[in-house]
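Each chain carries a letter (A, B, C and D) given by its place in the written order, and its residues are counted from 1.
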Amino acid sequence: MSGSIYGKLFQISTWGESHGKGVGVVIDGCPAGLPLSEEDIQVFLDRRKPGQSRFTTHRKESDSAEILSGVFEGKTTGTPVSVLIRNQDQRSRDYSNIMDCYRPGHADYTFDSKYGFRDYRGGGRSSGRETIARVAGGAVAAKILRSLGIEIQAYTKAIGPVLIPEEQYDYDEIFNNPFYMPNALRAKEAADYLTDCMEAKDSSGGIIECVITGMPAGIGETVFDKLDASLAKAILSIGAVKGFEIGDGFAAALSKGSLNNDAFTAKDGNICKLSNHAGGTLGGMSDGSPVVFRAAVKPTPSIAQEQKTVNKDGSPVSLVIQGRHDPVIVPRAVVVVESMAAITVVDLLFSNMCARMDFLERFYCNTFNL
Amino acid sequence: MSGSIYGKLFQISTWGESHGKGVGVVIDGCPAGLPLSEEDIQVFLDRRKPGQSRFTTHRKESDSAEILSGVFEGKTTGTPVSVLIRNQDQRSRDYSNIMDCYRPGHADYTFDSKYGFRDYRGGGRSSGRETIARVAGGAVAAKILRSLGIEIQAYTKAIGPVLIPEEQYDYDEIFNNPFYMPNALRAKEAADYLTDCMEAKDSSGGIIECVITGMPAGIGETVFDKLDASLAKAILSIGAVKGFEIGDGFAAALSKGSLNNDAFTAKDGNICKLSNHAGGTLGGMSDGSPVVFRAAVKPTPSIAQEQKTVNKDGSPVSLVIQGRHDPVIVPRAVVVVESMAAITVVDLLFSNMCARMDFLERFYCNTFNL
Amino acid sequence: MSGSIYGKLFQISTWGESHGKGVGVVIDGCPAGLPLSEEDIQVFLDRRKPGQSRFTTHRKESDSAEILSGVFEGKTTGTPVSVLIRNQDQRSRDYSNIMDCYRPGHADYTFDSKYGFRDYRGGGRSSGRETIARVAGGAVAAKILRSLGIEIQAYTKAIGPVLIPEEQYDYDEIFNNPFYMPNALRAKEAADYLTDCMEAKDSSGGIIECVITGMPAGIGETVFDKLDASLAKAILSIGAVKGFEIGDGFAAALSKGSLNNDAFTAKDGNICKLSNHAGGTLGGMSDGSPVVFRAAVKPTPSIAQEQKTVNKDGSPVSLVIQGRHDPVIVPRAVVVVESMAAITVVDLLFSNMCARMDFLERFYCNTFNL
Amino acid sequence: MSGSIYGKLFQISTWGESHGKGVGVVIDGCPAGLPLSEEDIQVFLDRRKPGQSRFTTHRKESDSAEILSGVFEGKTTGTPVSVLIRNQDQRSRDYSNIMDCYRPGHADYTFDSKYGFRDYRGGGRSSGRETIARVAGGAVAAKILRSLGIEIQAYTKAIGPVLIPEEQYDYDEIFNNPFYMPNALRAKEAADYLTDCMEAKDSSGGIIECVITGMPAGIGETVFDKLDASLAKAILSIGAVKGFEIGDGFAAALSKGSLNNDAFTAKDGNICKLSNHAGGTLGGMSDGSPVVFRAAVKPTPSIAQEQKTVNKDGSPVSLVIQGRHDPVIVPRAVVVVESMAAITVVDLLFSNMCARMDFLERFYCNTFNL
């Protein structure tokens, strides 16, 4: 187990390195009958593709998805959907400056510790290119969710100190700026801040927020496989994410019960909450309100400044990283967050189907005319 | 799947409700030959037992662990270890005021949504008593880790606004105050703050921090089952936890690469880091530094104030919760955090054993004289 | 992982040794709303209880099931159902003759090889008492299936050379003889045969057959988790089972395609098969015909004859086993086969619920009025 | 979950249809440092490749393996190994005669029942080509085992009535005939028998036997994940396999304890057995003797004779299958059996590594100098 398989019922198995032949995903457990084309996946991949703005790496990759199996006459067949994305712009450049040394903030040292050696070319499996496979899987999961009335939208809440308070959100702006920020003015400030970072050969962190709407209440398991716990793992498994919070999150630690509790009420006969400090979960299950969570993303570790580090043998070296790197990881990670959330929610939706005898009986009755 | 089984190789299966016959855990995958007594488990259980101070519920429970299987002549046999803790003080009081209504901040509504009905007595399975089983499992996991040189210590970093900065930590104080805070003065301030909360019929949130030392580098899987991601799920699966961060966590979002990167160096021939912004993981694997993470805990939802809510049928009701409740969840959750961390780390240690051919060959050679 | 957890969605976690405090099972994933009492489980346990006839061990065990959790007001709540069966007649006799020696046909040597030592009292975890937990789980699974119109019936097809050909089956006789044989005459012959075995201080093997009716077509996954493959594992996991076959099984190896293929036809508008050589599965999925499989059970290894074996240190010893042992395992294993089949089928039924988008959409629409 | 992922620690995820773009496998959990080339995999694939003799389909497929990831400088890196085999000879012929009708003995009807429709071209995912991915995975597993001193060899024991008794085995002959039979004379008889079958437009079943040598004692888990139970599932998951037996298997049902028990003895200080009726397992764990099991394979369902069946709508049709089909599945399945056995054994070897505290402590001590 190298831990490259995720999910219980809707399972993705991902593979691939930055400078190998490509990356890919096998989706096991996609229901039959979902209309699916390469275009559906491409739309998602294009959101994380490099080269979209001057704030991303200049590596040229079309990141074209090829569906190899599991789709027949435009629909999924219920069998595994294999998606292949060939690498194109693997520069056959000289890696001698990083093959022996441990870049700060990267997984070079831990890979060597775990496996004894590593594919050092472009970071190998620890490269951001690994997330392509997640996004391909997420595109499929999101399509399933949409057909059930569930929408997931992630966006950039903060880049370094440039943070957008909730009351300034304008969701229509998300796709109008290179950072996927829901506020045009803040996006401009972020651009200025990043330009300064780049000039200083430095990088910035940030915060991604994600909202899931249309979730019926009761999704998520009650003890270990809680909806929020499962989302936490999904999101922390994305490289560079260092924190996760749902609803008021860390602010709840400062709060009081009388303020933090969300009162229930009824509207048009439906039970709902008057506030959403909880972020849409109670006891680990969705409560019918929007599920709202945030991910803290660390600054890109690859910076153009000279850095002190050591070689494999422990001897000190001075390192200047020359590759092509994003000054901030956040914007391209937005769709990765959305993808991991979608995969996680689909899985919990599926496992919820057998939670009640009355539903089971009705399901089997309707389906098989028992 | 109700999600009450956790782990891949070291697996715990938990069961039990607040007012049922008891709670328990079955541990599948405990290695043979571990010296284990009921006392080992009791020491852990006593740390979360109610009635330790005036800041906890007055429910009287001895929470005595009985080992039912898997131990022979004082040692684990390799077969499942079943631990039973009988409930004692289930008050047969009248639950009519909560059986039909949805308490704010509790899982009543989501349980009903998921399952159609619920065991409302004392919160049923969503009660804090569910965590007893985790702690029993954690005691065993912690004992395994200790024999391998790995120690886990959790403590209270903040209760409401009373937060202890790192430079004021005095680990010797942890067991000297009812809050498990590593600073005597702050513990007093916390007591004052909580007394105020209680007088105002209110409750407080807080932050738990946990440190894992002695971890070899390379533990954790590289993509989905990262050490930090796995810990995040483990911790968020504890009721009332709303956030998780590792190392600098959310502060990293505000930082820059030049500040956030931890430089490598060598000491006595061993590679290590000069700082630990990362909190002990790189690329999801332990990096040899202490693993440091924090959990945000929301205020106890059960408060003595009158609250507005609705009944099952949506009709508005005024609710006064009369049970016995902690004004803050944090202190009793400290050992739960430690337990979940221990179980998670054992599991990843085990799965790491087959990561390399040279280790495998040597292991089989040594073991079986092949 | 000691491999004591079984299933993906309907999961049983079993524990307990022959001469420990008891045995038990935790069922995780039982749907909410199933009427369930201890009596439901007891009926199943009584079918494997010792002391039912002169052909079983004389160990006295009431094998009384206590439900510890997961049931409220007579119905399952969706949370784990924990069932405890205390051991009663653990004779505190002298085990010195087997604690150091390896009984032929038993797991003494392999337990020592795997774990370094073993709980030798009564075979510890490798005792037939381990199956009590399976039967308790099976009783619950069977009740779920019955409510969906699926029935499972196992019976003894052969004891030693006394085999009942299909054309002589009289299902009404199954519960009229101590062997659960569907033919009164053959049951008498079996009694005679076993009496001879017992007089010769020997034991007999036999064959159990199991029929599942009411299965809708399409249950079972298409590649690794085939219905027949899953049943094979379930049945072979029962101690003493040495073979599994479905439909014509090994006889199919001697057959030809023209004879072995089952022709399809239609009856009252429903597609069905004219014969059932396949035993109810095609491509690993149920085909709507009865699922019919058989298990080969080896003779009880504990015989009263003197046997040659060795001690831990390899020195030869002469062994006479004195315990209380069944001359044939088959009759008491019938309900174990039925139980493992029930658990396996429930699990595959549940995972089948998310196989199709049209079912999913209808399910979520109906359930949540999306 | 379509059940196309197999294993717990050494996991294979397979995909692909007969007439899609190709088939493939992703191996997650292959240890780092295993020398691996495409040639290693090709050797295995070539053993199941069509067109090796006149007794196989005439479909032309080179079945060339391309390793897409997880290997660097000739060695596995510990990350997923993705292997792609492109389909070549997908004849774009007319499928109108099978797209609507249900071929006897095939999975057409069950696929439609489960998923609502199917990729009917060449059987889609239920084609024998699905096993290519298993063999690619098996080649890697076998290479791991070989480096630990464990060898797996499967061969044809019977084709229809032509059965080779154990005393006539000549293992050197296995690769000298198109059937992988360990006896030259019987191979000739099998050829004659099959020629007759083909002339009669019919097909034959058969039996595959597999022997695993070099297994240390104690491999396999003690309850559900027994070695024999796990092998049974692995083997029954191969299409067309209808039965599994280990050691004396079904013959043990006819035997007596005094005959079936294998006496222990000691040779050169090592404990071993004087006979092997058990087939190398006791209590579900390897006992140090060779593991010997058999698989019953049904006759190829695709025969050239006219067959009666029905269409989707239940109307009767007369079917003549025109494709390219093997008159017997057995010879090409031999390497599939070997592969599934190898994958299963690797997985259980890995999970066995954390079975004992003394091994764990020594392992971590040696590895990390704790």
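Everything that follows uses one rule, which is that a contact is a pair of C-beta atoms (placed from the backbone, for glycine too) under 8 Å apart; a residue touches a chain by one contact, two chains touch by 3 or more.
These figures come from a predicted structure and were not determined experimentally.
Asker: Which neighbours does subunit B have in common with subunit C?
Answerer: Touching subunit B and subunit C alike, sorted by label: A, D.
Asker: Pick out whichever of the two, A-C or A-B, is joined by more C-beta pairs in contact.
Answerer: By the number of C-beta pairs in contact, the winner is A-B.
Asker: Any idea how many Å lie between the Cα centroids of subunit A and subunit C?
Answerer: 44
Asker: For subunit A and subunit D, what's the span in angstrom between their mean Cα positions?
Answerer: Whole-Å distance between the two chain centres: 37.
Asker: Using Cα averages as centroids, what's the distance between subunit A and subunit B in whole Å?
Answerer: Measuring from centre to centre gives 26 Å for this pair.
Asker: Which residues of subunit B are in contact with two or more other chains?
Answerer: If we look for residues of subunit B contacting two or more partner chains, we find 1-5, 8-10, 14, 29, 32-33, 78-79, 114-116, 125, 216, 222, 351, 354-356, 358.
Asker: Edges wherever two chains touch, nodes for the chains themselves; is that graph a line, a ring, a star, complete, or other here?
Answerer: The chain contacts form a complete graph, every chain touching every other.
Asker: Touching subunit B in the complex: which residues of subunit D?
Answerer: Interface residues on subunit D, with respect to subunit B: 8-10, 29, 31-34, 76, 78-79, 144, 147-149, 214, 216, 222, 349-351, 353-364, 366-368, 370.
Asker: Under the definition above, what is the set of subunit D residues touching subunit A in their complex?
Answerer: 1-5, 8-11, 13-17, 20-24, 26, 28-30, 32-33, 66, 68-70, 72, 75, 77-82, 84, 114-119, 124-125
Asker: Can you name the residues of subunit D that touch subunit C in the complex?
Answerer: So the residues of subunit D touching subunit C come out as 1-6, 8, 14, 102, 104-107, 109-111, 113-116, 125-126, 130, 158, 160-161, 197, 200-207, 216-226, 228-237, 239, 242-266, 269-271, 278-279, 281-288, 296-303, 305, 307-310, 314-316, 351-352, 354-356, 358.
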